[in-house]
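Every chain is named by a letter (A, B, C and D) in the order it is written, and numbering of its residues begins at 1.
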Amino acid sequence: GFAQVGSESGWRTSFSESVKAEAKKRGIELKFSDAQQKQENQIKAVRSFIAQGVDAIIIAPVVETGWTPVLREAKRARIPVVIVDRNVQVHDESLFVTRIASDFVEEGRKAATWLMSQPQAQQQCNIIELQGTVGATAAIDRAKGFNEVLAKHPQAKIVRSQTAEFTRAKGKEVMESLLKAEQGGKGICALWAHNDEMALGAIQAIKEAGLKPGKELLVVSVDAVPDYFKAMADGDANATVELNPHLGGPAFDVIEGYLKGKKDTEKLIRTTGDLFLQDTAAAEYEKRRLN
Amino acid sequence: MSDQINTAAQPLLQLRQINKNFPGVKALQQAQLSLYAGEVHALLGENGAGKSTLVKVMTGVLQKDGGELLLGSKALSFATPKDAQQVGISTVYQEVNLLPNLSVAHNLFLGSEPKRFGLIDKKAMAHQARQLLSTFGLDINVTAPLSEFSVAVQQLVAIARGVAPKRGAACTKVLVLDEPTASLDADEVQTLFQVLRQLKQQGVAIVFITHFLDQVYQISDRITVMRNGCFVGEYHTASLNKAELIAAMLGKELCQQRHQTPCLVVEQSESILTARQLSSGQSVQQLDLDLPAGQAVGLAGLLGSGRTEICRLLFGLDQADGGTLSFAGKAIKLSNPAQAIALGIALCPEDRKTQGMIAALSIRENISLALQAKQGWWRVLSKKKQQQLADFYIEKLQIATPDAEKPIGQLSGGNQQKVILARWLAVEPQLLLLDEPTRGIDIGAHAEILQLIRQLCQQGMSLLVTSSELEELTAFSSKIVVMRDRKKVAELSGEDLNSDRIMAAIAGASV
Amino acid sequence: MTSEATVLNSTPEQLKAARQARYSPGQSAHQFSLYLYPLLALALLLLVNLLLDPQFFSLQWQDGRLYGPLIDIVNRSAPVALLAIGMSLVIATGGIDLSVGAVMAICGAVCANLLLLGDWSIPAVIGLAVLTGLACGLVNGLMVSYLGIQPIVATLVLMVAGRGVAQLLNQGQIVTFQNPDFAALGSGSFLGLPVPVWLVLLALLIMQLLLRRTALGLFIEAVGCNAKASRYLGIDDRGIKLTVYLLAGGCAALAGIIATADIQGSDANNAGLWLELDAILAVVIGGAALTGGRFSLPRAVIGVLIIQALSTTIVVSGLPAKFNLLIKALVILLVLMLQSELFRHQLKSLFSFGKLRGGKV
Amino acid sequence: MSRTYLPLWITFTLVLLMFGAGASQFEGFASLRVVTNLISDNAFLLVTALGMTLVILSGGIDLSVGSVIALSGVAAALLIGPYQWHPLLAFALILPCAALFGAGMGALIQYYQLQPFIVTLAGMFLARGVATLLSEESVAIEHPFYDAVAEFGLELPDGGWLGATSLLTIALVLLMLVLTHYSRFGSYVYALGGNSQSAQLMGVPVARTTILLYAASSMLAAMAGIIFSFYTYSGYALSAVGVELDAIAAVVIGGTLLTGGSGFIIGTVLGVLLMGLIQTYINFDGSLSSWWSKIVIGGLLFFFIALQKLLSQQWRRKAGGQA
């Protein structure tokens, strides 16, 4: 059984597809459930997996908290659970086999570190931040990581920060207004978006405001979706931190190992993707588009 | 009669110098009313005179803008109807104001349901409901939702609720009845009066509003007349004759035109509509009916005799499941009203509140809608044309309103009825079915409407008119069809056409 | 005990005079206040913006088009304005259409995929998208009018399934395309104003003509007010209901086209997400009753402008994003209260009370 | 078969049909475990829908319930976590506060004559806004009381387990059943839904009933929030998004008219079960992609609603013919 968050973005869909493809390759029968971004649906799905008596469960949790009761239930039914993508907070580490988690804080740090290494950022650098959905873990942690690094660079400052709900349309709309509120974007040195979609929307807004994204205004974000590589290749965007959607492989590895009797898996396997820049963008775009 | 009331004693309830304004209307100007225990007090006036408004002010539905209300010698003011009920004023409002979704029993006892262990005792409630209704000669399934019954039954239920003893409130001291008899038959009216007389004996003061002057003389002790929102006068019934009363109400004398010749009787005129063995489920059975062109036919019968059902059937609201129907020489089958209207058949329905009025729209729009619907949505009636139509009928039917833009929902009951009637007259169909068209219409306008109907006949329109008022039917019908238990029992015309013969035919069953 | 106040027999002139004294014509329709309060609310919001950003009202001519925050608000209102136009009609019949957001997504997906296929002309793409919208409207309309399913659930079905259909078309990805001509529908400009604004004006004009120059608008109001009485009048109430859902579907399709053209891509999951609520809100702020009856398209559009001005204010205000919902809630409540007569009365008396006291001191 | 209860029987039949379909296709479906899961998984929805039924019966609607669930969850988690309150004490604070919130909305609706849809929409924004203000991050709950409650329950054969929250839910259903159908307050609610003007004229305390009604709905939503916190051991400002629509759908599928005045509590229970079954069915199937599952949910929903409609029409026609 695989309890997925939903299909709210292209990234998420690639993630689901990669898990399905991986299962097929290994001849595993996969029960897939889409929770439509709702934790309650996800818990329901996991419980019905338990009722069906599946061999193992993979959860890509919507939020970090709230998993204790259902994990206990799985444990009682002796079904191993692997957590992928996001983290979960539970007191009792024996409730799951392992977590294969992306580290959102680290992603924020990487983005900030790169940005601070740029020549434009050495003097006064005003940054606009496009946040993810208010309350989403990814948004909170990425902001945390980014701000951590920023704290060490007094010349850099986030002057505007607003949510654009992880979507391209909102990214464009919010950026449009923010630029106007900042005297048409004069004196802004960078845009930091919590995901590529928002950045892509914002890039359009920046262009329409008569500025050159990627040059007058640096653009950095997280995810590494194909469209963003294209934007980087065109010189409109500067950098992105990859969020690896291919979590299916490692998860199945762990499960297969566990079912064969290997019980001492590490409790946390961290995966943070690399930072991609304009130089490799064109090649990466070709590669990823074919996928 | 008059010395029954101890005029020296203090009035039970007094309204003084009451003012009430609505946007554009001074509904009440210095209106007054005084009520004594143990009297039936008729409150009379034209449509829109302000009777219902006075009643609403008196019972806490509306807040007065000026004046005072005295109960005994205590000045009171009610914020909600509940407050008024608490001190023993029980009211039956003009439109049936009950809850169609609840059962009959629940409607009767809402707010004072019999309880057992703190919970509503539905069995006891149904039992009490049956008992209460039997005093009105009504034997119906009290657990069925109210919406399943005809307006007349609903009206009776409303009255029964009004006279039912209330729990948790002072016993009824004042009973207000706003046009309770508008849709009742002669028989029910008598039963109602029986009940009223009983209540009177018990010392209840009763306010009785009606447009039937005969009933006024039958039951009331005193009369208050209103006109244009003002108090006109207070009289002892015994000392005021009908002509004087009419003059007081209208401000002028009404030349009596009743009992004129019916629509010009062309003997053997062709029939415009013919029904043979027409039936529809349980509601109409094997009906043979011929409606002659250019004449008015009356439809008489008791409550629930199936008159409304015939109208519905002929208008395509119900589907026939047997028999044949032909209109203007062609066999037709009706499955919806739009078809009927396209053919030239129109129905002015009985229940204006749910089937007639489009409350939020203006008088102008309400009047022109049917004509507009007949023309189709793309051929729009110009606003000027609509205005003309509206102005014509406002003038003709004496609709009391500041202008044609007032939403119909804010008119007085009788005036609403006039607007609905005007709507169908404006369509000028070949056959017009009128189901209780004069419900709640004052006597001035009544005469005007009869006149109009006669005119229409002369212009070649045919009519089928249902009415509980036999006088009215005989006034213009060339033929009267009498219904009993959903079957046609008699057809009267020529010499036989008088109230007594109709009564005899209606009563036929019990003989 | 007999008393008389008025003479019994009066002349017709006297009678007429008595009537006229009672009625003052022309009071029945107060169109004025219906527009006054929504406009007042809008003005207040814009004023707040002006305080936050002194250049808020500035307009520049740049690249052959007007440019400035005000234009942005109007431009960003376009999709919701289109939805609100359709929604007005649906609400006027006493219904509600929750599916418009999903329909936007479907139509957007149709556009994007057709454009990717390449050999489709822009008018054909638009035409097909609008047809898709109409088809969705047809589904809703049939369910509501002929199956008699309650509007909120009937359209909930398409709200859930529609997004699935859109994602199916896009295979879960965001389908992007490069087509400057099509993109111009979202971000281009014409005679100085953004194209979406023109589209809304056009739609408004056509709808207004369709509804008010024929009897359709009146029929819609009649059906919404009392469907049974309308049927007795010979109005085809089912047909009318079907029509409004069709029109709402068509409007949603246009909105979907604009949204897709704007970001040059179709985002099946997020396009139009929760916009149905904004559209309903706008219609109600515009003064319509959800139980059906009277409607006004211009007022609904004013409602949309209020909502959009509010979101812009929130963005411009620089407050942390977590305050967004709270502010939105409070402003909406205020706008609604302004429309309540009782509240205005209370405000007034509060104000005059203050003045009185001020006078005494 | 009485005509008033006909829709209920039809819905009941549909629920059985759906269960039968699942049981015949998937092994492990026809177990007591699935049935009890159905109750505990949907407990919070059911409790919310009970309040929603009341509101809809009165002719109103309450869109704020989802947010109230989230808000009460966050509040509970914060009070129990950082503030170290005993859970019961926290609940004793939260429930009256929620009732007050609902009463406020009711008062706005009643006294300022605002439309319920919009007032509660604002309430929805407000409650979620406050929830995000309290805590953007989700807050975990760790308390011995929660563990104790989790242990408490009825063991049934076949893997079935009725936990404390399920039992509470069942009790609430019974309570609401009596309140709606056998109390004066219940009749007043129906009266409002029938015609609030007539109700006013008949002496129904309209204002009091309206305010109480929305208070009850919010309080039940807060109760659902607490149940939800037992379900997840946490409070999160973004939880229960869209639950209001699910609740409305369940109520309507259960045969209650949105125009008010007609419907049954049991219908709502059946509606929730039907929606829960559809989801369980899809989870058991497990082969659908994200989008196909949405389409199938919509399709099944449509199928059942349409079937329900057609069946009851058919039946009525037949009954009309025979009577």
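A few notes on this one:
Rule of thumb we're sticking to: contacts are C-beta pairs under 8 Å (C-beta built on N, C-alpha and C of every residue); 3 or more make two chains touch, one makes a residue touch a chain.
Treat the numbers as computed from the prediction; the structure is a model and nothing was measured.
Per-chain Cα centroids separate chain B from chain D by 44 Å. The distance from the centre of chain A to the centre of chain B, each centre being the mean of the chain's C-alpha atoms, comes to 71 Å. Put simply, the C-alpha centre of chain A and that of chain C have 36 angstrom between them.
Chain A and chain D have centres, each the mean of its CA atoms, that are 33 Å apart. Contact with two or more other chains is made by residues 6-7, 13, 16, 134-135 of chain A. Along chain D, residues 132, 136, 289-291, 293-294 each make contact with two or more other chains.
Residue positions 167, 172, 322, 324-325 of chain C are each in touch with at least two other chains.
If the chains shown are joined wherever they touch, the resulting network has some other arrangement, not a path, ring, star or complete graph. Counting only pairs that meet the touch rule, the chains in contact are A-C, A-D, B-C, B-D, C-D. By the touch criterion stated above, chain A contacts chain D in their complex at residues 1, 4, 6-7, 13, 16, 30-34, 36-41, 43-45, 47-49, 51-53, 63-69, 72, 89, 91, 133-137, 140. Of all residues in chain B, only 7, 23-26, 29-30, 222, 227-236, 239, 244, 247-248, 251-253, 315, 317, 336-338, 340-342, 347, 349, 354-362, 365, 369-370, 372-381, 400-403, 405-407, 423 touch chain C in the complex they form.
Residues 26-29, 31, 33-34, 37, 41, 44, 132, 136-140, 142, 150, 159, 228, 230-234, 236-242, 276, 279-280, 282-291, 293-294 of chain D are the ones touching chain A in the complex.
Remark: chain C residues 98, 143, 147-154, 156-168, 172, 268, 277, 280-281, 284, 289-290, 322-330, 332-333, 336-337, 340, 342-343 touch chain D in the complex. Partner chain B is touched in their complex by these residues of chain C: 1-6, 8-10, 12, 14-15, 18-19, 21-30, 213-216, 218-219, 221-222, 225-226, 228-236, 293-294.
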